[in-house]
Amino acid sequence: MKKKLLATILFAAMTATMLSGCGEAKTEPAPAPAQTETKTEEAAAPEEAPAETAETTVEGEIHYAYWQDALTPYLEESAKIFEETYPGTKIVLEPTAWGEYWTKLETAASGGSVADVFQLNGPNIGKYASAGVVVPIDEYIASSDLDLSNYPAALNDLYTVEGKQYGIAMDYDTIGLWYNKELFDAKGIAYPNENWTWDDLVAAAKAITDPATGTYGITADYADQGGFYNTVPLFGGYIISEDKKTSGFSLDETKAGIQCWVDLMKEGYSPSQASLTENPNYVQLMSGKVGMVMAGDWFATTFASDEAFKDKCDVTYIPMINGKRTSVIHGKANCISAATQYPEAAWKWVEFLAGDKANELLGKTGAAIPSHKDYSALYFEQFPQYNMAIFADEAQNSSYPYPTSKTAAEWGDIMWNELISAYSLEVSVSDACDSIASQMNDLLATE
Amino acid sequence: MKTKKLKISRIFIYVILIGGVLIAVFPFLWMILTSLKTNAETMTIPPTILPKKIRFDGYVTVLTKLPFLKIYANTIISSVVTVIAQLTFCAMAGYAYARIDFPFKNFLFTATLAVLMVPGTFFILPQYRIINKLGLLNTIYALFLPNLFSAMGTFLLRQFFMSLPQELEDAAYIDGCNRGKAFIKIMLPLVKPGLVSLGILTFRFAWNDLMWPMIVNTSTDKMTLSASLSFMQGQYVTDFPSIMAGALMAAVPMIVLFAIFQKQFIEGVAHTGIKG
Amino acid sequence: MIAPVTLGLIIFYFYPFFRVIIDSFHNIGAFDKDMGFVGLQNYQTMVKDKEMWRALGNTFKYVAIIVPLSLLFALLIAVLLNAKVKALSFFRVIYFLPAITMSVAVSMVWRWIYNGDFGILNGLMTALGLEPRLWLSDKATALICISTVSIWTNVGYYMIILLAGIQGISKGYYEAAEIDGATGLQKFVKITLPLLTPTIFYVVIMLIISTFQIFSEIYMMIDVKAPAIKFTQSVVMHFYRSAFSYSKKGYASAIAVLLFVIIMLLTVFQMKMQKKWVNYD
């Protein structure tokens, strides 16, 4: 009796393992027999293929990694159209939470199980390109119908490493000043406008801050893209030198561009760094605790879809300093993995996402500003209630290239590590910056 | 006089016990309440205790954004396979170490013991590389493969087998059983408490493990519950109703299972202490 | 008979054991690329690494708080439950609930309870007229708050084990004591405790070894980007971040070796001490 029981258990276990194995076989990236032939064709002619883009049989299962949850509807729609255009392909979407995206991506890339196409950003392109984890796409672009002048020049540059372009930006972001109208009304202050200077900002922050009700004027926690990257240039400083050999953090001008933020903290116009780590800036804006948040355009969907908050906010230009205004411009790019088994299909997906149809879709869903200049306007049309035009204006007239280099991922961490203490008012901005400068210069020397 | 004293101490005991119950149960209550609110209701200062209207938005989000059933299946399969495999392998090995003599026995056993001393985290990086070389990254096999073999299990079961008197086995041999039959028919049933304890310990570990499933399976449909909850917390930072709904859905089935098999669970756990 | 286990152990445990030690002498960079043998450099870095010492200190703090308190409460409840209370199984089940719930889910609820702005704990504090605090971000409270979560989970689990241990003590001892006129407290101290020492020893060892490796509670409750990370992260957490967030797998291997050595020492120390205070009959 007992023997039978043991045997049954073992048998059941083995069957279960095998059954789940059978189910998996179909979805594994391992090529099914029908596809091996196409693969040898493609392997034989990877460089000639671009000459006949429309005719070559494009097949394969493409895994696509990204982080922004709001992009999912647009991606699902795009995937459907893509799969219809190229039957024999399948797009598998792999979203990952932002906090874990880079860890997961790198682990997967070390392991060789990384997605075939994945999104990269400014801080990370250097690391992935120089390690050869992503492939240059210049030749693909040259023989396709894509025209690089349709996309912001600054972003094409961002994704060019050592003369080779590795990705095409799928969107662009600039930074604006979001504000909660109710809090301004309550204190009888005029809303921020395009003529605001930094002093106006400070004054308004002071006026709105009210310990009695626990409200703050603005969020001044550590933020690079949404924070000091925009103020540092206006004081005459820079994050990294043009030749990418020296760190700008030893300059007084750079320190001043960060000090203006820490001063807001010091004066008590912002919730503490710790508080903003627990509940991020936009959450505090939405809950009515803060009056202003300097942040990117991508929050429009978040704000607009919140029943309670959507009518309470608006956005305007970031304030001027010394008569000038600048916003750092950034965008995510789709890059192809060097380890993909379907380079042809992977490129087609990247090409599709950079093309007219996908950009149109993206604009209509309002998830991000399409990088293709013919379609950016569609995005702004999704949010007539907000003053979204400022983002396009800034991109056109006051944009500043996103600072990056090959080791940007590492010095980005150093920046965060050192400055977080400054924003927590534990060390002086000057000391933190000096520490960053010396570590960053060491890194830049290795490039 | 004696009865009065007894009554007071009795009341005292109950007060403490009930206080403890409240502390134990409160987080669950709060989890349920939060999952039934709207987003805005969770972000009020001071906190809203009861939702104005019971809403299941949180649950809807979780179920639509994550292949929850698949994730559940992954976790269950991984845990169950681990337990069955461990029980089988470790029982065989434990018995062998207890009763059979073979070359290098002492050396192998000491090596096995040594592994016990090493914290699990220690092995993660090379294990990851091995799974990678086997091409099993991001599959369900990756979840349980290294855990099928346990030094702890071998040791535990060896102890149990050693505590059984040799006469029982000898009697079986006299009756004409060979070793295999004796093992299955006589020895195994006698170490049942050990098997149950090991099973529970292993299941608990496999069910709760976070770091390993997190690094080894990256697609949402290959994740385990713990990894997917971590993903949810990162993705829906401010959507507290969804996060709580997810946590609840992850926790409830185990609780239900436990409620049904209380006695076995508790006995199993109790026994880990006795022979340890 | 021993083939499967031995084979499995060799592949997944013996070989990795040596691999990790070897790795700790190498510099392994991004994408797991081995950048060469560097001798003791990782260990030298470790000695100089402030974060490492802080993580070590934090971990010892966790052990110092979680182990005694878990043991204390578990013992307390076990003793109380042993006093022939009504609805014994009801209490047992309820107390065991935290232990049976997925630890990741538990961490998530507590993180929500401790939330600095919207958490119910602060709601309670304000209602009682007390200052709300940033529990998980404040240096003074963060580590303790995470510890309470671990204690909350541990009590039910170890209570069961201790209760079984208590119930395993033969009644004869108590009867003899009663005849001699011993009070309840005397019975506890002179009979229950000494005879319970083997079980207590087991519980303590389990608690120390598992608490020393605390990771998931911290990972789930403290954002990796939070300033609070410095004073809450454990050794295992530092290992995880070095290996996966900062791509320093060689250095991480060195940390793993350190962890191993410490646990070895702790266990050996415990084993030696057991002769002093544990009674086996």
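Letters A, B and C mark the chains in the order given here, with residues in each chain numbered from 1 onward.
Everything that follows uses one rule, which is that a contact is a pair of C-beta atoms (placed from the backbone, for glycine too) under 8 Å apart; a residue touches a chain by one contact, two chains touch by 3 or more.
Small disclaimer: the values here were computed from a predicted structure and weren't measured.
Trainee: Identify the chain pair with more contacting C-beta pairs: B-C or A-C.
Mentor: Comparing B-C with A-C, the pair joined by more C-beta contacts is B-C.
Trainee: If you average the Cα atoms per chain, which one ends up farthest from subunit C?
Mentor: Result for the farthest chain: A.
Trainee: Between subunit A and subunit C, what distance separates the C-alpha centroids? Give it in angstrom.
Mentor: Chain centres of subunit A and subunit C, defined by C-alpha means, are spaced 37 Å apart.
Trainee: Calculate how many whole Å lie between the centre of subunit B and the centre of subunit C, each centre taken as the average of the chain's C-alpha atoms.
Mentor: 16
Trainee: Can you list every residue of subunit B that touches 2 or more other chains, as numbers and ranges?
Mentor: Expected reply: 43-45, 88, 129, 215, 230, 233.
Trainee: By the touch rule stated above, which residues of subunit A touch at least two different other chains?
Mentor: 99, 107, 111, 279, 287, 289
Trainee: At which residue positions does subunit C touch at least two other chains?
Mentor: 32, 117-118, 244, in rising order.
Trainee: Residues of subunit A touching subunit B in their complex?
Mentor: 2-3, 6, 9-10, 13, 16-17, 20-21, 24, 28, 63, 69, 92, 94-100, 104, 107-108, 111-113, 214, 279-280, 283, 286-287, 289, 306-309
Trainee: For a test of understanding, state which residues of subunit A touch subunit C in their complex under the given definition.
Mentor: Those residues of subunit A that touch subunit C are 99, 102-103, 106-107, 109-111, 127, 131, 133, 272-275, 277-279, 284, 287, 289, 413, 416, 420-421, 424.
Trainee: Given the complex with subunit C, which residues does subunit B contribute to the contact?
Mentor: Per the stated touch rule, the residues are 13-14, 16-17, 20-21, 23-25, 27-28, 30-31, 34, 42-47, 49, 88-90, 92-93, 95-97, 100, 102, 108, 111-112, 115, 117-127, 129-130, 145-146, 148-151, 154, 207-208, 210-211, 215, 225-226, 229-230, 233, 240, 243-244, 247-248, 250-251, 254-255, 258-259, 262, 265-266, 269-274, 276.
Trainee: Under the stated contact criterion, what part of subunit B meets subunit A in this complex?
Mentor: 39-40, 43-45, 65, 77, 80-81, 84-85, 88, 128-129, 132, 137-141, 181, 184-185, 188-189, 214-215, 218-220, 230-238
Trainee: Give every residue of subunit C touching subunit B within the complex, in rising order.
Mentor: 1-2, 4-9, 11-17, 19-20, 23, 32, 73, 76-77, 80-81, 83, 85, 89, 91-98, 100-106, 108-113, 117-120, 122-123, 126-127, 152, 155-157, 160-165, 168, 199, 202-203, 206, 209, 212-213, 215-216, 219-220, 236, 239-240, 243-244, 249, 252-253, 256-257, 259-260, 263-264, 267
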